[in-house]
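Labels for the chains are A, B and C, by order of writing; each one numbers its residues from 1.
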């Protein structure tokens, strides 16, 4: 069981690192920028979560193998960038969904272990799942994708809610939550589901900036 | 006395959250982005201050009622966005000034309690007062407003200076500082006071980027 | 010996603060923005490094004299901005190289003292050397320069590698590393050396965003 979560971690970290590296390549950053954006996307969310729920951010360095995995994933992208821009994209989204679900569950559990209130558990799930992508976009000089496109963070938040309310305490419960989140994420990606901008949709098209 | 500060906190947090939500709506972010920018504007400054003056950032979760206040304020904006864009704007600036003053005083007191030097007290006041707005603007893909427009941070800094020098040790002193800061902020807003860009103003219009 | 490192620190902090102030002036930020960007460039990297390697970020306030140095440097820029835009620029790059080398060495040593793995030592060197510049660029609404132009971070990383591998344990070794890094940084600046964007250069010009 433990082993399988470990495996999901490796897939997820690799997918997040690849997504960061691709954004950097599209921005025509140099190799240094490509590696930094890869690492930031993979580990940024967990670091900010740790700061905010009171875990030491230096826990990062205990995950040496995950760091090497991210570095190798970025290196592969740097050698075969075309593959990832083309046919690899579909697979990337699948692995990315795995990362989103696995990291959100782990983030929520960290907050539960610290006996934090429900709002903190939801926060920890969402930040672990999407924080890295936000930092990636800021460093790429972009408006964060997760605030504008597709339903991505919502699944993170629901994972946090389910775990924070104690509805998935058993190992089996976790597995069901994980599979549901991956499936929902893939569906919302394939059908381009979006969240509205306000709670009075349609009446609000003429706002200047 | 304590109760009144608590009340000011609620007004201030709500005003900061509303300002974050409005920026997100103007950027056409989705509901997720609107809530994130609301929360970040309300709590971002205090979190960064805590990291830098050595308080646990996880103190955030002890303020559950403030978090709910921010969430409710954002929800109200999402239901009635037009109100806040229109007539509500004047009131928003007033409550925002209350937040600026109340949070700057509290930030400064946190640094004084840690026996930090004057420069840290001023920093803590300014960061608590304006840090959330800076993070909000970065996440909205904007150049931070506070670096360009109106005199906003200056009043925060003066509060830090007055408290750091021990000129406002009594409860009455605090109240005077608070009222003065709110009044100065409102005046500088209404008359659009600005800070110059360098100490040799007027001679410096031809700098390229 | 200690004294000389202290001196290098002062030169480096001043150069970093000046570079931040100049970026803010070019963005037409007001005086508040100029001081913030100056301070952030000087101290931002060290603060983020401390968070990530498990040192208290509030160590910042023990370096009061460095903070005053940065404030004075920014003030000088605000009084004589033209000097720094013109003839001062060459000198600025020289002092900046000193800062890069001195801070990278210190950052690496902090990580070594915490018995962190090699990857953390390299990270600490790079973050201390360039982190402030990244935060500066984000706050200026720019894509970070260090991801796009010139070989800058590479020398930081090499310093981290050499120190992390224990190849420069003696005082003399440190001095050699320091001088080499300054020289390499100046050469890569003068000849505009750049890092490629991927590991398959030249085959990759048609990527959209």
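As a working rule, contacts are C-beta pairs under 8 Å (C-beta built on N, C-alpha and C of every residue); 3 or more make two chains touch, one makes a residue touch a chain.
Fair warning: this is a prediction, and the values are worked out from it, not measured in the lab.
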Name the graph shape formed by the protein chains and their touching pairs; answer line, ring, star, complete or other. complete
Suppose you list every residue number at the chain B-chain C interface; are over half of them used by both chains (same) or under half (different)? different
Measuring centre to centre with CA averages, how many angstrom lie between chain B and chain C? 30
Where in chain A do residues touch at least two different other chains? 51, 138, 141
Contacting residues of chain C [partner chain B, same complex]: 24-34, 36-37, 47, 51, 56-58, 60-61, 64, 67-68, 75, 77-82, 85, 138-141
Please name which positions on chain A make contact with chain B in the complex. 51-54, 114, 116-117, 119-120, 134, 138, 141-144, 146-148, 153-154, 194-200, 204, 207-209
